[in-house]
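Structures are listed in the sections that come next.
Look at the two complexes coming up: chain A is in both, with chain B in one and chain C in the other.
After this line comes the complex of A and B, so read on.
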């Protein structure tokens, strides 16, 4: 099963190599830059889809495509151990697809100094591919940081309004989160006595000799708050809407869509299986903070007038469901969370991209100053309506988010039945802001400002260059919506291997 | 003392073991000779000869490793003790000296001051520091340290036409003299305690590290010994700029010429840690007092360095204060080394990473092209990336490594220190370190913001004509090469440490 291990390595290496090439070919003009960078995004996507097809269900959720390399830190038990299991693989595929869409969108953007912009984006993509392919938890962290640093740079240089403040705030918050989780990971490494950062070794070792409860308590606390900050757990979420509001759209797509899932992935794959007593001690914290995400942030989302900020808040809000699903500790709940991470990653990336396209046409992100866009841009309108419906998890054919949230709801009902009321209230809230946004932007009368701006800027529908990245995302979204089994089968098997996740009856 | 006594000591003299130091001394003298003999037009060669000579010394040291001249064990009547760590410190000081020579070449070219003396003194300081790292006797330690410190006094006030440089020199002289006297007082107390023949372990030569260690082990509650230890540690804390002995740092760093600032930041700090590493074993019997003291110093140093740097806009002061916080992180390593053997290697890795990052940052500052480099502020960095992309890149990598951002060497250094600290169960210090890292992001970010943000975005707009000097006008092939070595070293050590792997493992 390790035949295609080099493809995993290449998926990480290609974007990074392409990043440097992009800088180099900058002098040959824009087309060269576009070709090199798009290749850097497309190859990992092809590799990932190929690996997805070749992942053998017969190995029942184990790691496939494994490779191991010593990078010189063997003294603290670190090795570059790569591989994909039923949890990592779908996220790996999602990362590559969102990356391709973001790359295609960025390559045609009007950003100044395009080669450097694409350089940052490609480095980020390399890091993202590494995050979900790492079996070694040190490299898991390392690749996350590799992807995170370019985000700050992109927000700071190419960002919109308040970019300096937003970049600074993001940097400080996320550094704090990363440091806490790093200390948490070191705690696991040192206290386990396994002398290894390797997840497989650690799991085997801790299954034999679990950590003392007190150790699990503080180690899980560190990881919960460290990852929590990175995933924008309430009330440590304030960096997210601000940062996404300021970030250039392809950076926001990759961060909100993919990178933010790092924390959840870390909880599901590392923190909970390794520290099963830890999560039980922190269970109430998770539940109450997650409710903060769903209800408090949900209400804040309803009050947003800026489209990008609203999408940013809504993505924060959805993280609440993910935390609840994890707290339920059942295969159904956690599987639902992973499925939601994929579906949400695709839709939120799509929404950020579409919102920038709307901005190109209306010259504003203020929803009050828009209106009636559907007449001028019916295709854009169709895309937006479709992705917003998916994002707020309306039940509909082929909308993956609905299946994801449904399984989370069933799991939390089995976990603590009263939570279902809050969760349903959240659904109502998201329906309100989602549908209202659609109405404000696309339907109704054209606002005065919009009429004014049309005199200067002609409004056209989506061009093919814009449609391609959007189509990529929407096709994959519908594919997993209609055939969820392609994801859930191996996911289910991988999760069932973890003793901590209970089987639902 | 009889002649036989001296003969017996002379038998332990292994001159080959100090060949690198001797070579440096000869090179230093050769530079002076060259100034006298060479015609004036050829004087530009002298700094290049200095650099080349040092490169050869490093090359020979690394090629032959410990097989040729390197000797392990005591020599020179117990004055020096050679070990692998000492060998690494030699390489560290030589590396620092090479970078400082290069910076000196750049900075002095703009001046009409005598050049040769700078390199001469630099080489002497380097040789002294290399001996200091291998000292096994307090007399040797003090003499080596004073040789270096006296050299520092001159180099700090080298720009004698500038008031700020002279002022820095005077401040350093006063504070340096104070710290030397504190250190000396501590040594004297240790001598007084250890030479007491009435006590178990009393010895005629109590300043030898081994003898003193045995004495302290036999008398761990000796008040004089304890006071001596306290004073010696205080004297060293001055060298590394640990709180509360860091007051001199901002002013002296600001006033000194850039190469001297770099030398102070890297070599002086390295020297302090070389001494600490040796002395913590000597004072191991007093660990009950020593480690709480060092832990306290570490915590306060990290907090002070980072919080004081927050509001700085002067670049040299900022780097100086950030250096204070790095001393704090290294102190954590020293404390951890009590329980975790390989923490020593973590400290060495951190120091080398710090050397490379500092080399990159100081090279950029030296090339900023400002007449008065003591007044370099964040504003002067404005649009650096646009005005000189190469320097901008070097600054970004250097600052990133200082901030501990992966995948750069500084991150691995911090990681190793953190893991060692966790293994040694220093949870409180780890908490302080995390706070320190997060706070430090603010000012490192400020530097990046000044150099990059606002720049690329508006590249094509017609802005008012820049009156700022052109950075990097003095940058030549040699300079680019030097900066590239620092930058590439920082990046490669960040994710590929295989060549060091076995060494890291101890």
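After this line comes the complex of A and C, so read on.
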């Protein structure tokens, strides 16, 4: 089963090597940079899809494509232990696909100092591939930081409005979140006495001798709020809309689409299985804060005028479902969350990309200054309607999102039945802001500002260079929606193996 | 060939048509319309084959499995589905044909026909779905295609607003529908219609009746949204912003009736309490919309309120008929699978079918008028169209007579079936529905008199002339069905499971119904004729009883109330929350923290010694501190 382990390693190494090559070939001009960087994004995607095809659910949810390398840190129980199970694999694939789309979009963009921009993005991609392939918690964390630091740099240098403030705020919040979770992870390491950061070893060890309840309580609290900040749990979410609003679109795509899922992934694969008593003690916290995400942030999303901020808020809102799904602690709920991470990752990346395309045509993100764009750009309008419908989980384009929400809803109902009313109210809220955005940007008459801006900037429809990355995301979105078993079969197996989830079935 | 292949084919045809149009024929309207109409014809043929040549069947294939949730994709073809398939495929084809003429000069024809194909795909899927999840998915998709087509004239702000409203109001209904589905799944572990009906028929009485009632009413929320029942009817009249063929197909004949179809599919799980609520919602809607229709000026709005009213009849018929089937002894559930249907399902489906014929006819007729009058929709600017558009006039008149329940036409029989179940289970509902029949005759006669008789009241009306064959042939065919559609004996054997359930009251009851309905209908005709007069220029009601007219024309202020809520409550709450967040979280706490960090930073500046070695030591020192902290906390 470990035949293709080297492909996992290559998926991480190739973007990082390509990153440095991009800097090197910069002197040979734009095409060379584009070829090298796109290769750096395309190869991991090809590898990941290949691995997806070869993953055998029959291995009953264990890690496949495993490799273990000594990095000289074995003295403290750290090794580069890579592998993919039913939870990691689909996210690994999603990361590679979103990365490819973001990379293609960035490579054809007019960003200043393109080689360095792509350098940052490729480093980020390397980190992302590493996050979902790490069995070792130390490297899991390391790869996250590797992806996070370029994000700050990209917001600060290539960002839009308020980029300095946004970069600072993002740095403060996310560093704080990362540090809290690090303290929590170290606490598990120390208190377990397993002397290993290896997740498999830790799990086996803690299954024999679980941590004391008090320790679980504190450790889970640290992880919950640490990861919670990273996933924009209410009310620690304000960095997200601001940061995404300012971030260059490819960075926003990778961060909102993929990197943000690190926290959820950490909760699902590490925190809950290792600290099963911990989550029960924090259950009510999760529920109430997640309701804040859905209802409070949902309403705030309705009040947004800036398109990118609105997408940022809507993404924060969706994270509320994820936390509720985790709180339900069943295979159904957590499976739904993983499914949502994939569907949401693809959708939100698509929306950020399209919103930048809209910006290129209207010169603004203010929705009130747009209007009537569908006449000039019908294809763009069709793409946007399709992805907004996906985002609000309309079956069809959003069939994958629908499966995710449906599973989470059922799990929530079986967990605490009254929650269902609050959670499902979210589908009405999201319909309101989603359709408002469509109507304000594309339908009706052109606003005065838009008419003015057209005198300087001619408006054309989507070019093929813009269509290709969007189509990649849409095709994968549809595929996962219509053939959900390609994801859920192995996902089920892996989650069933976790006693903490399968007990409640 | 296996049965399910035909069903798959039925879905594949419109899907391929829509895909082809979207990817290849976006700019060639003529080809796109050809493909779409061809697809509609193939659908009609395939549906015909399924109806007449394929035995009833059920087919399921596993679609997704996460944890305890297993969902199958599948088809359940029984008499009920076959009747609905016939309505959708037949009316669908005629509307496609009509659209060839109606949309001839529209530059965005390709988008229109692509949208129609997507609609056909979604609607056929909804009709054939074997489980509630599949049904819900297609249910959302018909809502989406309706959204796209209502907003077809997307540069018009009113069309953009109407499409948005339709989608959101439907989502409010779906809120309940989805929760109902979730509860149902949690209670029984399956959402397959056949399995559920088996559970209910074996031990329906043992179940927690309160929970089942809740589930029934939550599912009914979906119907309230989709079929425009009170208080979620507000989107349907606004949906008339879409092109008229769309109004005929989606917002009169098929999609809005999907709510009634849903009730019939899930009828086995309705309890007496749930049915009582359903009945009264239906009756209230029938009367409310009838009143509102009396004071509208826009020809399509009148027809739209009439549709809401008739949907109310269908919903009430389902409730009343199913209540009658309980017959006081508690739990006599009808089993759809065995094609034993309660009178409620039969009466509702019968009226749904005849209504599809004559309401599609009336909408297409109004389309023919609007097309001829250069998009004039105000009936007080029409007049005198009788001689200018003879085919439209004759067919439209047949439609009016059929809808109002003129003896021996389609609506007469289906309305009598409804009155029969009403008489059997609730006499108050019976008299209210008879009064509704009076209202129907009143507003339809008003529409007919003002539009067709008298002299033309505008240039547009003066220059009107009859449309071409693609538009008149569908009118003629639908008119023919509006005449004969009420004779149950003409329906083929394959749908007898539904049709044979149509109630036949005893002779005393029959006499009561006949007298009551004839009095009501003819009173409507006569009062309307003498009150409004042929080809009236002004609304007589407005001149005589102004306060009443204001309330009716104001549609009982539902829209005002909702607009007020959205602007003054919802939006203000949203803005306030947003503002609070900006101030409280971003402003005070974060900036405060940043300021605090800044102070520390000033203190730490002394550590900036500019040597790389010093930084490395600081870094390692920090790491060590961090480690100690992490370990020490516990």
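Operating definition for what follows: the second predicted complex is superposed on the first by the 497 of 505 C-alpha atoms of A that agree within 3 Å, B and C clash if a C-alpha of one lies under 4 Å from a C-alpha of the other, contacts with A are read in each partner's own complex, and residues count from 1 in each chain.
As a working rule, a contact is a pair of C-beta atoms (placed from the backbone, for glycine too) under 8 Å apart; a residue touches a chain by one contact, two chains touch by 3 or more.
Everything numeric here is computed off the predicted structure, so don't read it as measured data.
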| item | value |
| --- | --- |
| Touching partner for A:339 - first (chain B), second (chain C), both, neither | second |
| Touching partner for A:156 - first (chain B), second (chain C), both, neither | first |
| Touched partner set for A:10, first chain B, second chain C, both or neither | neither |
| Chain A residues touched - chain C or chain B, whichever exceeds | C |
| First, second, both or neither for A:182, with chain B first and chain C second | both |
| First (chain B), second (chain C), both or neither touched by A:331 | second |
| Which superposed partner A:200 touches (first chain B, second chain C, both, neither) | neither |
| Touched partner set for A:76, first chain B, second chain C, both or neither | first |
| First (chain B), second (chain C), both or neither touched by A:116 | first |
| Touching partner for A:168 - first (chain B), second (chain C), both, neither | both |
| Residues of chain A that lie at the interface with chain B and also at the interface with chain C | 168, 172, 179, 182-183, 186-187, 190 |
| Parts of chain A lying in touch with chain B, wherever the complex brings them together | 70-76, 112-113, 116, 142, 145-146, 149, 152-153, 156-158, 163-164, 167-168, 171-172, 175-176, 179-180, 182-183, 186-187, 189-190 |
| Interface residues, chain C side, partner chain A - complex | 22, 26, 62-69, 111, 133, 136-138, 140-141, 144, 147, 151, 154-157, 159-161, 163-164, 167-168, 171-172, 174-175, 178-179, 182-183, 185-186, 570-571, 573-575, 577-578, 581, 585-586, 590, 593-594, 597, 626-627, 629-631, 633-634 |
| In the complex, chain B residues that touch chain A | 342, 345, 400, 405-407, 411-412, 415-416, 418-419, 422-423, 430, 434, 437-438, 441-442, 445, 448-449, 452-460, 495-501, 504-506 |
| Footprint of chain C on chain A - complex, ascending | 168-169, 172, 179, 182-183, 186-187, 190-191, 214-215, 218-219, 235, 238, 242, 296, 299-300, 302-304, 330-333, 335-336, 339, 372, 374-375, 378, 382, 389, 394-396, 399, 402-403, 406-407, 409-411, 413-414, 420-421, 424-425, 427-428, 431-432, 435-436, 438-439, 442-445, 484-485, 488-489, 491-492, 495, 505 |
